[in-house]
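Below are two complexes that have chain A in common, paired first with chain B and then with chain C.
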Partner chain A sequence: MSPLLSSIFSTGFAFAILRVMTPLLFPALGVAVSELAGSINISLEGIMLMAAFFGVIVSAFTGSLFLALIAGMAAGVMMGALLAYFHLKMKADIIMGAIALNMFAMGMTIFLLYIFTGDKGSTSSLQSLVFPSIEIPLLKSIPILGEIFSGHNILTYVALLAVPFFYVLMFKTPLGLRIRAVGQNPHAAESVGINVDKIKLYALMLSGFFGSLGGLYLSMGYVSWFSRDMTAGRGFIAIAAATLGGNMPLGVLLSSLLFGFVNSIAIYIASLNVPSELIQMIPYLVTLIALAVFAMRAQRIKNRVGEIQEHFDEDAVKAVVKDVLKTGGES
Partner chain B sequence: MEKFILKYFTLIRTIIAILVGMIISVVLIYLISEMPAYSIKQFFLGPVLSKGRFANVIENASPMIFCGVAIAIAFQAKQFNIGAEGALFISAAVGTAFAVSTGMPTVLHVIMVLVVAGATGAIWGFIPGILKAKWGASELVASLMMNYIAYYGGLYLINSHFRDKDAGFLVSIRLPETAWLPQFMPGTRLHLGILLAVIFAFLGYYFLYHTTSGYEIRTTGNNQKFAKFGGMNIVKVIVLAQVLSGMLAGLGGMTEVMGIHRRFNWQMSPGYGWDGVIVAIIGRNHPLLIIFAAFFLSYMRVGGQILNLMADVPSELVLVIQSVIIILITAEAFLSTWKNKITIKEAERVEVANESVTQ
Partner chain C sequence: MENILQVKNITMVYPTGVIANKDVSMDVKKNSIHAIVGENGAGKSTLMNVIFGKIHPQEGEVLYKGEKVSFKNPNYAIKAGIGMVHQHLMLAPDLTVAENMILGIEPKKGKIFLDTVNALEITREVSKKYGLDVPVDKKIKDLPIGVRQRVEILKALFRNAELLILDEPTSVLTPQETEILFETLINLKESGKTILFISHKLSEVKRLADTVTVMRDTRVITTRDASDLTEEKIAHLMVGRDINSGRIGEPENPGNIRLAVKDLSYVDDENVQILKDISFDVRAGEILGIAGVEGNGQSELISIITGLLKPADGSVSVDDNNIIGLSPRQIRELKVSHIPEDRMENGVADMASLEENFIVDRYYKSEFSKNGKINWKYIKDYSVDLIKRFNILTQSSKTAAGALSGGNIQKVVVARELSSNPELIIAAQPTRGVDIGSEELIHDLLKKARDDGKAVFLISADLDEILKLSTRIIVIYDGHITKQFTDCSNISGMDLGPYMLGVKMEEGASGKIHS
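Moving on, here comes the complex of A and B:
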């Protein structure tokens, strides 16, 4: 077997995919929540940066992993709430608001980094904590599966559990139903007494919550420090992953795996002196095609529904008219 | 007075937003600098205190103007195009590839390279445009994907086929001199591309405000349903806006290569497409105002760099200010209570005046 193939079919490679996938899956779920609510959040990049930063800082200064978790999540949720405030209260366009928030997060984290550490690059001078890796008792001893699925950072397991959590939340709870209702037709939702702004606020805060876990994983699991701009575009890749996954939990998981797979391959290939650019391009190309196919299908359905309604109405009217003529309008 | 404020309300609001941004920058510098007065002076006046730095301001403004006008045309049609970055990158790569593999007399070569780059950018705009216009696919996501495709595609093209193997780092082969845009001031890198940027901003203005197609783009952006009932071909209008947008961004990237570096030397995306978004917002999607907005952003950037080098404040200060300015400009609710008060006052005044006339 060629060195490339043998490394791809190794358990170490499969392990790496899950590792690389984790900081994509969290923000992708975050994007999916916001998309389902009809207000796309493209500020996951900023949300993750803020969470990654505050997690590290709080863990370094308090020595408490729990407080770091809370701080990181609070930072992410606050960013989501801030975006909702700009969008819903200050009437800024949500895309502009998110672009501003991304910039704000990038600038502010470096700024605060400099204040706390005197360094503009990273927190390597601080003693910050990391989330533990865990071995799963029974799974660990199964030959191949154990090597792939056991021994990951706890947040990787949280990410995998976040997928069914997302499903239950969005499809089995009243909040999820409301979020989807608002996303599909805000006017209809409003007419049945749903407070649209409030639901959008919740959705964006949830989006920030999912994103914050991705950020925490980056700085306290994937590596053990915060460095400037460490999200490196993952918040945007998450938009691709959510789109490709159709904003559905299983779809988002699979598309995040694909992006994780391709990124891992790129790392392996780079060492073999083969141009990796074309392979790295593939998932984006696939996403673009998927986007087009989804859109075409949605439009076909829309047209079809329109046709049916037209026919239905016409026939119904004809039937009523006929009926009236026949009975003389008496019955 | 009230009349004046109402007429220029958006402009006044923009200026106030910029002022608030400036005030925040002063406060932040005071908070963190050991020598605030010196730092503030460096930030605000640094760029004009030396010829080289002021030239930097103008050089950097050039691709920002191209991308700003590009984004503005798309925004005017209400198309959330963030694909200027990708169009710029791929056009510069393809244009470079074309320039190094052809030989022509100088003026013709320059023109042909610009045509190739512009056409590449146009294709990059066409794809999200047609997907949106025909099938309603999100142009935001599509243009984002096009950015990545452009990035990896451009890198592949340059690194695998047009790489200068003697250079020691990843750059393309040097452009033949026939494809250079001349630099006109010794000691600086000011080049003809800047003039082109301004010319294209004027052309963009003329197109948007004095041609039928421009009118159709603005109408579609203001009210798509109205435009449709008015008999406009929405598909054509949206695609045209995106194609022109991609073309301008592509020209911005190519002139940068032809005027400054004379070779493709980007391994990271240079970010001018995102700057274009900022500049379009500050310039209110008006091509002529965008010239000033680009100059302003570029001035702040150079000020930030000076701050980083000469004082003890990180240049990321500029990012924070940018974000505040953008929020305040795009937030329609910002100062709206004030506007409403003035509107009521003005209405009352007119009413009183009318009454006194009728009596």
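Moving on, here comes the complex of A and C:
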């Protein structure tokens, strides 16, 4: 077997997929919440940057992992709230608002980075903390499974748990129902007394919350420092992952795994003698292909559903007509 | 009987300066069905929105159950026991019936979780209590529109509505769904509810209402017992003049065959045979009406004739030109015009201005553009002329089509299609959801087109319209023609019914004059 194939079929590779998937799954869930609320948040890139930065800085200056977690999450939720403010209060286009936030986060983190460290590149001069990795008792002693699933950063497990959490939140609580109702028909929600803006604000803050965990993982788990633009487009790939997953929890998990897989391959191929520029293209290329395939499939499904619906109507109407005629069409 | 609602001297002026209600007063008796009729723009919807607390009038007051009320927003109206069923239903399409029912007042399990089982149970109970059958666990988007409306009514009843306001409830329904709705409303009245409904279909009003309030030009003209009024009388009050509702006269004598459809079949992507061996002709100077329950192949037939669909078999020719395979523009170049059945879907671009909508099929002609540059100055004059000729109510020719009322949007479509100097007019549901005045105008225009020697192919779910206008009628059922009536002067809807349902069928029926 070639060295590449043998490394792909190793447990180390499977382990890497989960590791690489984590900073995609969080923001993808963030995008999904916002999309279900009908106000898509494309500022996950900026949200993650801010969370990653504040997590590192607070941990370095306070030495507290807990405070770092709070600071990172606060930064993400604030970004979400800020977007809601632009979009709902100031009536700005949500895409424009999100683009502005992304650029703001990029500049702001570099600016603050320089203030705090005197360096515009990274926080490598600071002593910052990382979230611990966890060996899962029992599981770790099972041969292959243990090697794949045990020993990850705690945030990777949080990411996996975030999927059922997302499901329960969106489908088993009144808030989730309201978020979905607002996303599907805001007028309907309004007509039964739901405050549409408030629900959208909550959804965008939730979006920021999910995104912030992705950012924290990047700078305090994946690596142990903050560097400029370290999100490297993950916030955007997350949009593709959410769309591909139909904004549904399981779908988002699977599409994040797919992107995690592709990213891992890119990392593994890098050890071979191939131009790195080509390799770096792979994840984005796969994103494009996946979205195109998805769009074609969705169109086909839509056509089918449309037809089925037509037939449903027709039969129902005919049944009704016959009924009416039988029970006294002359009245 | 006591009044559940009294409206006194309401005057409503919108911020734009448009006066929508002028000194409007009306009493609604408890436990009755009260209809408000009037043409589009007469002020009916404004009055409903005032009652419901959506907008607040400059003058006048609303008394509900004898007490003066001024609802800050619709939520207060709902709490007081007023429910509204909007014309555009207020339902979330991807949620189930039960989820839509309990939205905003969700039953909880523990303190945090949604009690989905209880939600289904509640919905079943309400549905049973009022005898309105709905599939509680189906998604709204999978339900026909009539059932969706029932969900909307149940939603209001679940929130303890005693006064139910329905805004043009039948405009989106088929005749059969309308029947069911009427039964529902009568049952609700018998169970003690009060129904206030807006309509401009007089036969409905006459059948259903106990009391009728007629509005015209922002004012209330009169409120009377329905038994004191005839349809003609209501029409007269609404429009301020007599309306001709009888059958139009027969044409002189039809000329050459303009549209010839021969052995046409269509099979859809699901392999369902939608059209089977359809043959008919339409001649110059006649109106051929096609009657049938919607969904029996009419839409596909129109799409094929206008170049939007390709048939499986058969031929369609316009003036001896085979049009199968031609593009819609090439077909239009043969002097064919098409009033599509869904004006919002295929008739206008709702965000585009009237000017843009008027020239969308002819912008490339030398009259409208030269050297690749569009002559907007000329188009403006052209549009203003059309607006005047077709009596379209709009602020200006630059107004977005979507900003107009339904009837006026339809007039925009009709204006475009009839001003292209067509020889063959495909008119699908030409007056669906438009007010009487516009309906009369459109009928007159179609009659005039016929008298000018144009061929008109009329597709309508409104049997009265078919019977009023058609020179000949063909009936379609399940994709084939079940009957042709060549003499339409003495037939009624009851004669068409059995053929529309496929209960009766004429051997080898086709719409051809000469076989």
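Heads up, the rule we're going with is that the second predicted complex is superposed on the first by the 273 of 331 C-alpha atoms of A that agree within 3 Å, B and C clash if a C-alpha of one lies under 4 Å from a C-alpha of the other, contacts with A are read in each partner's own complex, and residues count from 1 in each chain.
Assume a contact is a pair of C-beta atoms (placed from the backbone, for glycine too) under 8 Å apart; a residue touches a chain by one contact, two chains touch by 3 or more.
These figures come from a predicted structure and were not determined experimentally.
**Student:** Going by the contact rule set out at the top, does A:Ser191 touch chain B (first), chain C (second), both, or neither?
**Tutor:** second
**Student:** In the overlay, answer first, second, both or neither for which of chain B and chain C A:Phe9 touches.
**Tutor:** In the superposed model, A:Phe9 contacts neither chain B nor chain C.
**Student:** In the overlaid three-chain picture, which partner chain does A:Ile40 touch, first (chain B) or second (chain C), both, or neither?
**Tutor:** The first partner, chain B, only.
**Student:** Identify the partner contact of A:Met96: answer first if only chain B is touched, second if only chain C is, both if each is, neither if none is.
**Tutor:** Once the two structures are laid over each other on A, A:Met96 reaches chain B alone.
**Student:** Where does A:Leu291 make contact in the superposed view: on chain B (first), on chain C (second), on both, or on neither?
**Tutor:** first
**Student:** In the overlay, answer first, second, both or neither for which of chain B and chain C A:Thr243 touches.
**Tutor:** In the superposition, A:Thr243 contacts chain B only.
**Student:** Pick one for A:Phe66: touches chain B only (first), chain C only (second), both, or neither.
**Tutor:** A:Phe66 sits against neither chain B nor chain C.
**Student:** On chain A, what residues does chain B touch that chain C touches as well?
**Tutor:** On chain A, no residue contacts both chain B in one structure and chain C in the other.
**Student:** Sort out for me which residues of chain B touch chain A in the complex.
**Tutor:** The touching residues are 28, 32, 80, 127, 131, 135-138, 140-142, 144-146, 148-149, 152-153, 155-156, 159-160, 274, 277-278, 281, 314, 316-320, 322-324, 326-327, 330-334, 336.
**Student:** Okay, in this complex, where on chain A does chain C touch?
**Tutor:** Going through chain A, the ones touching chain C are 168, 172-174, 176-178, 180-181, 184-185, 187-189, 191-194, 303-304, 307, 309-314, 316-318, 320-322, 324-325, 329-330.
**Student:** Okay, in this complex, where on chain A does chain B touch?
**Tutor:** Those in contact with chain B are residues 40, 42, 86, 89-93, 95-97, 99-101, 103-104, 106-108, 110-111, 114-115, 120, 236, 239-240, 243, 275, 277-278, 280-281, 284-285, 287-288, 291-292, 294-296, 298-299.
**Student:** Can you check the complex and tell me which residues of chain C touch chain A?
**Tutor:** Where chain C meets chain A, its residues are 74-75, 78, 84, 86, 88-95, 99-100, 103-106, 108, 112-114, 116, 141-142, 144-147, 155, 159, 174, 176-177, 179-180, 268-270, 272, 293-296, 494, 497, 501.
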